[in-house]
Every structure is written in C-alpha cells, then in structure tokens.
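You will see chain A twice below: alongside chain B first, and alongside chain C after that.
And then the complex of A and B:
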C-alpha cells in the first residue's frame, strides 16, 4: 500500500525518525550542530574590549567585531595568499592612487539602538579617531577622510603605505563605529557596544560565552547560520575533548593535538591551517663579549638542527623557517644561506680560536620552548659549547632585552624568541630597524642598507618588487649571524567536514563567512 | 603578593607589543604609577564604600562580575560536598559499626583511594568515559541560563570530580568519631537499658559523632570555593576559581583583589555557620560560648 508513492513502511519509518529526532533534540547536551541552524565555535579566551581604538586586539575581539560591526574591507584569499577584498558593507572600494582610497557604502545599513544609517561620516569619524587612539601606530600614514556624499568618500594618506589595506584596514583596527552612538557614551566603550551594524547581534556572558544571532535589521547578504554560539574554553585539552564529545563544531587546537589528529582525524572532521604568522628564531646578542666574533655566531647557525627541533618540540607540525616573513606572504624566503653542518660549525669555532665556550640560553618556560632549548643544548654541546638553559616567566622574559627595563640586556647571550606578524611583511620587519635596538631588536645590529630597504618596502606597492626587497632584508639579517631561523607554528583548527570555514591570516575566525 | 610575582604587570597584561602610550594609560588606570601602599589604600577606601573597582580591560564593575560568577562556584561546592556527605557519612557509619570486617576494609581502601586521586585526573577520566565515549554528559559550560535541567546536567560531572575526594575524608572522619563514641559509657548504658541498636546509633551516637564532621564540611566547603579551580578550568565552567586563575594570568589586579576578598569573606562566613551549627547541636559548646 502506498500513499502518493510513499509506502506504509517508509511513512512509519519517517514518523519514527522524526519523533526520535525531536525527542533527542529536547534532551540537553544532545544537539545537531552545524546543520545550518547553529554553529558552536570555541573561543580560546574571553573578550577584553570591542572598541577598536582602545582594545587589546586579536582573538576573540576581532572575531566578534567582524560579525557585528562594519568595515570597508575584509580578508580574502587568492591562490592561498591573503589579500584584501571589499566587505559586504560597501559597493566599491578602490585604491585609485598610492595615497587615495575611494569607497562607496551600501545604502540602508542601519545601526542598532536607533542610531540611524551607516554613512561616510561614520567612516571619517572612525578613522580620524583611530589616528588619535592607542592604535595610532597602525594609522601612521593616514591623513584624513574626504566625504563626498552620504555614502561616498576617500581616505587620504600622507604618504604611500603599502600595508594600509591588508595590515591596517583589513585587521581589527579597520572596524567602523557609529559616530552618534560613540559620542553619546562619551567617546569610548568596551564590550557594551553602543550601536552595532552587521549580519549578527551579540550577547555576551563574561567568562562563559558569546552568542551571535541574526540581526533582524540586516539587509545585506544573509550569513549561513542562524546562531553562532562561542563558549569560552581556555584549556586546549578541554577543547579537544569537547570537540571529540561532539560539543564543538570548530575548535582551534594545540600542536600536540594537531600531531595526534594528523595520525587520526576525528570522525567526520577536517583540519584547516588558518595561517602560520608566527616566526621563531634563536637570537644572539652581537654586543655581548662572548658573541662579538661573527664566526662564533655563524658556527651556531651551522650547529643547530632545525628539523630536529620541529620534530622534537612541535611533533613535526610547524613549517621550517628561512626568515621572518611568514608562509603565504610576499617576501617569504624558501632557503637559508647556512645549513646544519656540525663539522663546519666546529671549523668556524676553531678558526675563531674559541674553545670551552659556555652560554646561557634564555627561553619562555613553556613545554615547546624547553624542548627546543634542550635540542639546541645538545646540538651546541656537539661542537664544544656548553649551554645552560634559563627558563623564564613571561614577565621577566619580555622585558629582558629592553634597555628601559634594566641592564639584563647586557648579559643576554642567546635566547629563543617568537614574534607574531601581520599579513604584510612590514609587520615582521618593523621590529628590527635601528630605532628598535634595545627595544625589540635584542640582537642589537643595524644596517644602513636595511633601513633604506625598509622605507622602500613600506612605500612600494608592486608585489614582485616588494618580494625582492623583503628577501634582501632577510639576507641582511642572516648575514649578521645573529639569527638561526627556526619555525613558523601554524594556527590549526579542527572542524566538522560539512563546514567550509574562513579565517584571517592571523588565525581569527571570520564567522559570518562560514558555510555549511 | 601579586606585585612580588616577577615581571612587569603592564607588559604581561598588554603583551609585548603594546605601544608606550597604551602601557602608560594602563599603568595609570591600575594606579601602578603610584606607591604600593597608596594602591592598597585606594582599594580599601573603595571597598569600604562598597566599590570593588572595575575590570581594567572591559571596565565592568568587579561587583557585577562577582555577582555573576559566585553562584556557579557556590552551586558546585554545595553539590560536591552534598553528594560527598550523602555517600561518605553512611559509609563511615557502616565501617565503624562493622569494624575489622571486609566491609570496613573495603571502605578503608575506597576512602584512601578517593582521597589520593587528584580531582583533575578524576575530571579527565570522567570526561573520557561519560562524555567522549558514552556521550552521556556534556563537557563544557554550565548549561543554558534559565534551563534548570540543562544546568543540572552540566553540573553532574564537575560535582562528581570535585566531591569524590571528600567522600573518603568524610568516611574516615565519621568512622573514627563513631568508633570513639560507640565506646563511651553513655552508649554502654543505653545498651544496658535495652535500647534498640537503631535508636542508639541514630539518636545518641551519630548525633555526637557528626559534630567534627560538620566542622570538616564547613572547612571543605570553604576550600572548595577556591579549590574548584581545576574543575572549572577543565569543564570550562564559570566560577570564582577560574576567574582568579584567568585574571592572575592577565594581571587584572582589580578583579583579583575583588575575587580574593569575596572568597575570603565567604570562607569566614561558612566557617562561622559551621561553628554555629555545632554549638546548636552540642550543648557543651553552646554553654561554653
């Protein structure tokens, strides 16, 4: 017997399945996530502040702002390279000259709480304010915004600044805020955002979760998910367990978990590397008497087995580094001028007439760094250098090379260091210019050629030319002998295989672009 | 104490790349540019006016944050101690009433075992078994606000993990007290008068033997207020312990000071309640007050 082609058995099975589904859905803890309705995403930490002018920056503040606040441009990818692309808030963004960026906002995009429409006046207010804010360093080249009409205008730069689109406007500091709403709350806010405008509206419970639901006033392209629920899970292993228990759809994972998942990915899951904008190196203080002779520094470059560090400390999950420009960026170097060669290292030490050298290796006291330090200790012992490892808490570690914090910099010999970069090579090089000696350039070298190239890198916008400049700058760094480039640690996410995610190159989620 | 932790709190809070302007603004906001005694006096002056200060990053009132977080920790501590008492006290009684039998020895091994296993290990094993393998229990969070059933569901594993060690403590304490009390003259007299065993145990022996246990429960509850931190981190539950842990990492001094003050106050309050209950139950203590 059949009803309109549906057999009795099939009908009963459908009813039974539907009933089971509805009963199961009502049981707490059992949810059918990533089905187009609700997406559950781990946030590693709580929000600090959503005000782009006065926030701490990074995850999860950017993740939330990109869902709930306007911007002219967002990150996108072309052939694996991070690029800027116009956001859903604009009809047009165009770099018409190295110092002029024109834009036209979409009409009818409304701020919440009755603050009216998103206008070019909000754009001008936001970026003028950024140029005066705690993040004014990102706006060093910004001059003003010319308002053409209610929706159109142009950003005017004082000088050509190639990173402006990818480093400044695409990142969290490019977020636009409502002029009227911000002025109404006294010019600053934190997590009680006075007016939002975006595909989602946000609810926040401190220390617990951020929940984003569709903005009923949003007239732009509809995002995939009705609700994005982001529990704050600070502990990496707890996040991995929660993912395996089915409570999370997307979670950033640690290198340990990444190595485990590479052997066996959890069922119905995929791993996505969002970026690897970290660069780690072994640094040497060229002003320290023990490290003055470049042949000693070059000996250390040849003595350190970088592959062994990657295997031992990062389970082989990091990308080996050849410079400070990270994978996926213009200027990424693929090879160093030195290689692991203990015999050559020993010969260089002999040539320098150095024997019985003992050095102190300073490092942050986390598991990976200690493992890496131990391997370096063994590598250098093989060429006759005795290394004592000095693990440090983050406080003393981050101030040891700064002249303003005391005289520790004078005693520094070698250390393990890792910096994060933006999606433009400028973000990495800015810490090694002459002005940074004794601040963040702890190796304490400087070079006229490097300074000149740095100015060119910032001004030139042509990718091929910038690539050549960045390569040469890294060669100069290597030639000082003060660096053994080690690894680029990846930002890795595990997610259900029916989800197509998008991430910023710095590892934040761009949740309104997630697709099922 | 916080100021004695190595490292510049501004660098730690803001990260290594914060500009000097951001660092200066942060230091001024936290009064770190003032002498330590001045900072302390500012804090105490504000406390006396009922103001615990504001979160350095979010500007939220610390009092509001405490009001949000405290119920989660109190609920967890009450649940953990509650189930531990429900299991531990009868176990201790049974053990004392049947000394040197297999039941007593089994209870002894069980008690020492539960005391010896750290609660973070219990948490992880419980998650692996009940959440990852069987998928009966949720791993993270405290449940949907307003959904009591969901909140209870999220409470079961953390309460189990935190309370397990206290089962052993309470069982050993009750056993020792009961053995002592059962040897007292008035219990022998009661037996000589022909009272039923049940009456002797529940009406006369347990009433006295339970007194040190009440004090222990008071101390246990107090220590769980801050000791639940492992469970709160592993289960990603909100609560005072996790809050203090997170804020110490980010050197958010106002929140740490507020949380520590509230925890200490609550500890004193709970200990006082335990002492009052003991004095209410024990006329000897009451008369000595």
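And then the complex of A and C:
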C-alpha cells in the first residue's frame, strides 16, 4: 500500500525525519570549541539587514556589524556601568564641547572589494545618511560632519544631546559604511554588504549560519578568535541542548532555561545577564475600527494579568514593566495608572456598548510570546473578547506595521511587541513620535504634548528634569490606551567559564571583544 | 405450467444458494477478522480513539484551557493524572481533547479525499484519453510535492490553521485514491456487462454510478482505513512544527511541541502526547491490514 508514491512506513519515517530535521537543522552540524581560536555562538534568528539606516536592529545585525564594520566608538564598562570608549578604528575621539566631537581615524584601514581606505568622508556620508534614514531619531541632534583632512573631522550637533555618545554613536546605528560602495549599489543594501572593514570578514548562509574569520587586511588590534561561527538556532530548547552537548560556546537562553540554570548551572559554565534593556508591551492600533473607542483599549489594559504572563511565559525571571523606560535608567516608572481588574474591564466594555468583540493578536512565533499570547487570550476571553492568535515569523512580523511594506497595518488590531533600548531613556521614546507613525509607531497615535516633551528630553541634560519628562511621556502613552506594558526581559547568556564576554547594554554580543 | 413451476423452483433454489453462499462468505470473512488478533486489537484501539474523542467532555477531568500557573509543569498527581503543562493546564484533559482534532482531520480529510479521488479516478479511467492524460498530469504533479514542504509553502502564504492542515491533507491524499480508482475503472471499462450497458445506450454517468463505483469502492475503503494513521500523523507533525492548529487548541502535535520545549523540566507532556499518537497509529494500521487480509483473497491465498 502506498500513498503518493511512498509506502506508509516510508511516509511515516519521512514525517518523523522531517520533524526531527526541522529541529536538528537549527542545531549546528559542526561543532567548534572555544579553544584553538574558534568560538561558536548561537544566533537566535537570521539577519534581516545589515544596513544601519534601514534595518530592524538589535541581534544579530548589530553583533555582525560590530565585527565587520567600522565605528568611532564602542561600548565598554567601568564598574559595571556602560560607557563609550574609542573603537579600534580611531586614534582619537574627543568630546571637545557639548556640540562638537572630534575624531581621527587610523590610517591604512581598507574597505573590502577594492573600495579604498576608510576616510573621514565615509564618516560624514554615513552620519548624514543616518540623519535622513528610518533611524533618524538617533540622529535628532546631529547637524553635520566637518571634514578636516582624510582621516580627521568633527561631528557637529545642533544642540547639546547627552546620549549622543552612549546612545547614538555606540549603538548599532553608529556604524560607518563606505560612501563609494554604498553609492555603487544605489544607496541602500540588505545583507549583501557592498564593502566591509573590520577585524573579521563575514560568510553568510541564509537560515543556517554566519561565519566570521579574520580579515587578512586588518591592521588594527587583533581579536582573540581566528574564527567565530554563529549557527542560527531558533529553538531555545535546541540551543540549550546544543550548549550542554558542547556544540556551542555561548548561547542566549530562554527564561525557562534561565530558571533551570539558576538552580544548577551546567558544568564549567557561567551565566551572564547582558542587560534588561528590553521593553515588551501589548500594542493596539487606535486607527483600527474595532479599537477606536478608548474604553475598549482601557478595558484591555485592565483585563491583562501581567504577573501571570511573567510567571507563565517567563518563569518569573522578567521584571514587570510600567512603561518603556527600562530598569536602571532615568525615567523608569514604578507603577502604571491601571491595574489588573477584570470587573472594571468588563464595565468599560459595557459602557462602550461593545459585545461579541473578536480580535486578532499578532505575535512572533516563539515559545515565550506564544505562551504570553495564550494568557492574554484567556484574560480577554474572561471579559468577553475572543482572541485569535496569529503567530508570525520574524520577516512578516517586523514588516506588518510599516506602511512602506504593504497594507497589513490597516488590519492590525492588537499585537505583542518588544523593542530594545540603549542606556538612555531617549532611545525608547524615539519610536513613538509623530514622524514614526506607520514606521515603528504601529499604535498610530500622536500628541502635541509628547512631541514637545520629546524635544525637551533631547535638550535637557539634568537628570531629575529628564526623569520628570520621561515619566510624563509614559503617562501620555498610557493615556492613549494603546499600551499594556508587560515585562522587561533580561537577556541571559550561558557561556564557558573560560570566556570573558562583552555585551552591549541592549544585549547584543560584541564578539570581537570576547576573550578566552 | 409444470415446466414454468419447475423453472421457478430452480431459480428459487439458485437464489437461496446465492444468499446462503453470500452469507457463508460473509461469515467466513467475519470469522477471519475475528481470528486476527492484531486486527481485533487494532479495532479496540480505534473504538477507544473514537469514543474518547467524541465523548471527550465525559472523559476529561478538567477544562483543557483552564490555566493554573502556580501549578505549572507539575508531575502526575491524583488531581492531574498526566501532570500539567507550562501554563498549569491539565495535560490528560488536553490529550483527550487533542483526539478531537485528530479525529476531525482524519474523518473530514479522508472522507473528502476518498470522494474526490473516487470521482476523478473514475473520470480519468472512463473518460476520453485527453482527460485521462490531463488528470494524470495533475495527480503526478501533486504527488511530486512532499507533504511537509507543501504545508510549509501554504503556511508561509496563508498562516497556520486547522483548515489549512485539512486542505493540505486533502490535496496530497486525493491522487492516491484517484490513481487506484482509475486503475480499477480501466480494468472494468471493457468488461462485458459495461459494454452491454453502453450498447443499450446508458448514460456514462449512470454507468459510472451504478456499475463502476460499486466495484471500485472496496479497495478505496481499505486504503482509507490505512490512510487514517497517516493523516493523524501528518496533522500531529504539522502542529508539532507550529504549522497546524492555533493556541490554545489542544492537539497531540502541539502537546508534543510544548512538551519538547520543556522536556528538561518535565517529561510528562511528551509522554502523554506521544502515547495516544502511537496507539492510534497502531490501531488504524492493524485494523487496515486486517481488513485488507480479509477482503483481498489473493493475499489470503498467498499466505
């Protein structure tokens, strides 16, 4: 007996094999160890784009860019505090005044593919371009770059901007790209970077791995490892198993695994919490006809049991969120204006005259988000809102709210979202200004007061004043009803105890700084 | 008159013999089936599968969607026979309700595939040559797609859902039935009784409905019985991969997937989700093979 040309046994075997393969394919076929100059690091998703002006950002795009692309400054740590430090690409970076940062590039650093030497013209091109890009929020205070000579110049700011060094230049958007190479490919690129310049060169196999090997043309400080192999292991459990089996040297782990490792760390291993500069929320599209009535949105705010989400989806390892400013930063809120109160939620729905409401909850298709979505689904069902969960892969998920990527934004109702932040509260707010509606402000609200406060937050440098501004801005966000603030997830890594890692405050690995 | 009476008596005797022969044959088949231990075991498992799925609310001890987060990932207790999952839901009750998804996919998927496959197969076998060639091209094109790959492509376009699983199962199963129906129809097409019908001017639809279908449906029904475990496994496989039913619906595949993710914390969801899948697959396989042995005399003689 055969089905579709296969015997039943063969078909069953194929299905079993296919299922196993789908899991196993995310586990590296070849293992490396930290010894011998090779480092194997888990990437939990594939790269979307390496163009700093038009990428999603975060991991793994920044991880790769910091190995293969120049920057003026990188993150370093002093007494556990994230600070900026000059990168291996420069001889000098100096903040000579609140609006003037001077730099001198090292000479002889060559772009790949014959695009010549890294020059101050590339710096000017990169930052002028960033100021016009989708990430222009990071460059809100940037005015221009004055070129002094081939290697020297100065960044001029329109006004003093406290986080320019630690937020703008040190983060992934501070990466410098080759002017000639970028213009040669039409001004934008994705993962086919037209020219790289850094301690490593990259080889990428879509959906499988990123391999970075020493750049033979690199004349700067040599990094520790000859080769950094980054298999794309999307499954958290597979990653933990691969780590325990010795297939990985460094792996980002899920909250369940973190909770388990807190009880017993694997042999010869350490846990490092890279930061908790993540803010996760349940977003609502106020332009969607189902969500127009603020009482419906407020009902949802009161209906979601955030503590249950932390316990059920994150094993209690995340910090509950009251806003978008992350723990340890100026402007962190300690309490929301709403609380878990299903009776009040039901009353708000009744007041709005809404019954039989059904909503689609869009989320990234991973374990923690699905669990969180399932809890929200149950919470909303308790007040009479039927929720269908729509799990999405990262590609369609990150495009769904962008007007430039199609019409999906019109259908969006509610979704689970998580952004990463830099070490300054400004970084979190930039995505919710009016200019970002239809780009990254998927809730699609705007407020004159918020815009005014945003400008003040950029200009003011006094911590107490900035705290007050940030608090008020989060209150405005909450008052739209478009947010249920959920958690600040820690970015936790397990690694061999002979490895000394370095992470960005937002949790990306800075692999060229890893030491054995 | 006496001659007529004699003929009637003869016909009556023949008829009695026919009925007795038919009854005797049925009894023989029943006896063969009853004596097939694996077949009986399979039947028992299949009955258990149907009964537990249909009467799931009576078998389940808890609401399968009811969360009890403080009790998440607990082992088996008197209250939770198979422990709880990550959200503290009762795993045993979710397994019982998961049977409904398997039953739904199997029953609807196999029935529609069988019906459409039978229809297209008869059309291919009895219709004009060009139609046969065209349908064969379609069947072979579909068969060239591995089910999982087709499902991945469909999910990428339309998003995961139970309906999509059903559609994939139906589309990929139809050619198997159609091929079998076509072969049987081709064998029957030039038999004397069909030629006689055609010479009497019977409409092709009538010939296919009254004369061909009753003769080709038997092997298809056996194939259907043996297809059920395949379909159940496909649904579980797709749901395991996150391409099947959506949360919070319980399916054996999603239970296995959720269990796999926390296997280092608790093995019980994997065990509880795996056992019914194994038993159902075995049950339908044993039953199908027993039916085949009973209804296919060539196999019996071969033994």
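The criterion applied here is as follows: the second predicted complex is superposed on the first by the 280 of 516 C-alpha atoms of A that agree within 3 Å, B and C clash if a C-alpha of one lies under 4 Å from a C-alpha of the other, contacts with A are read in each partner's own complex, and residues count from 1 in each chain.
We take it that contacts are C-beta pairs under 8 Å (C-beta built on N, C-alpha and C of every residue); 3 or more make two chains touch, one makes a residue touch a chain.
Keep in mind that this is a model prediction, so the values were computed, not measured.
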item	value
Which superposed partner A:353 touches (first chain B, second chain C, both, neither)	neither
Touching partner for A:308 - first (chain B), second (chain C), both, neither	second
Which superposed partner A:114 touches (first chain B, second chain C, both, neither)	neither
First (chain B), second (chain C), both or neither touched by A:289	neither
Which of chain B and chain C A:405 touches, first, second, both or neither	first
Partner chain(s) touched by A:80 [first = chain B, second = chain C, both, neither]	neither
Which superposed partner A:216 touches (first chain B, second chain C, both, neither)	neither
Touching partner for A:375 - first (chain B), second (chain C), both, neither	second
Where chain A meets both chain C and chain B, residue numbers	235, 237, 241, 393
Complex contact set, residues of chain C against chain A	65, 67, 69-70, 72, 86-88, 142-143, 146-148, 156, 159-160, 172-173, 175-176, 223, 226-227, 229-230, 233-234, 237, 240-242, 246-248, 260-265, 281, 285, 288, 292
Residue ranges of chain A touching chain C (in the complex, touch as defined)	1-5, 8, 11-12, 14-16, 18-19, 22-23, 235-237, 240-241, 256-257, 260, 308, 311-313, 365, 367, 370-371, 373-375, 377-378, 388-393
Partner chain A, residues of chain B touching it in the complex	5-9, 11-12, 14-17, 19, 21-22, 25, 57-60, 65, 68-69, 124, 127-128, 131-132, 135-145, 147, 149-150, 153-154, 233-236, 238, 242-243, 246
Interface residues, chain A side, partner chain B - complex	28-30, 45-49, 56, 134, 136-137, 190-191, 205-209, 231-235, 237-239, 241-242, 244-248, 393-399, 405, 440
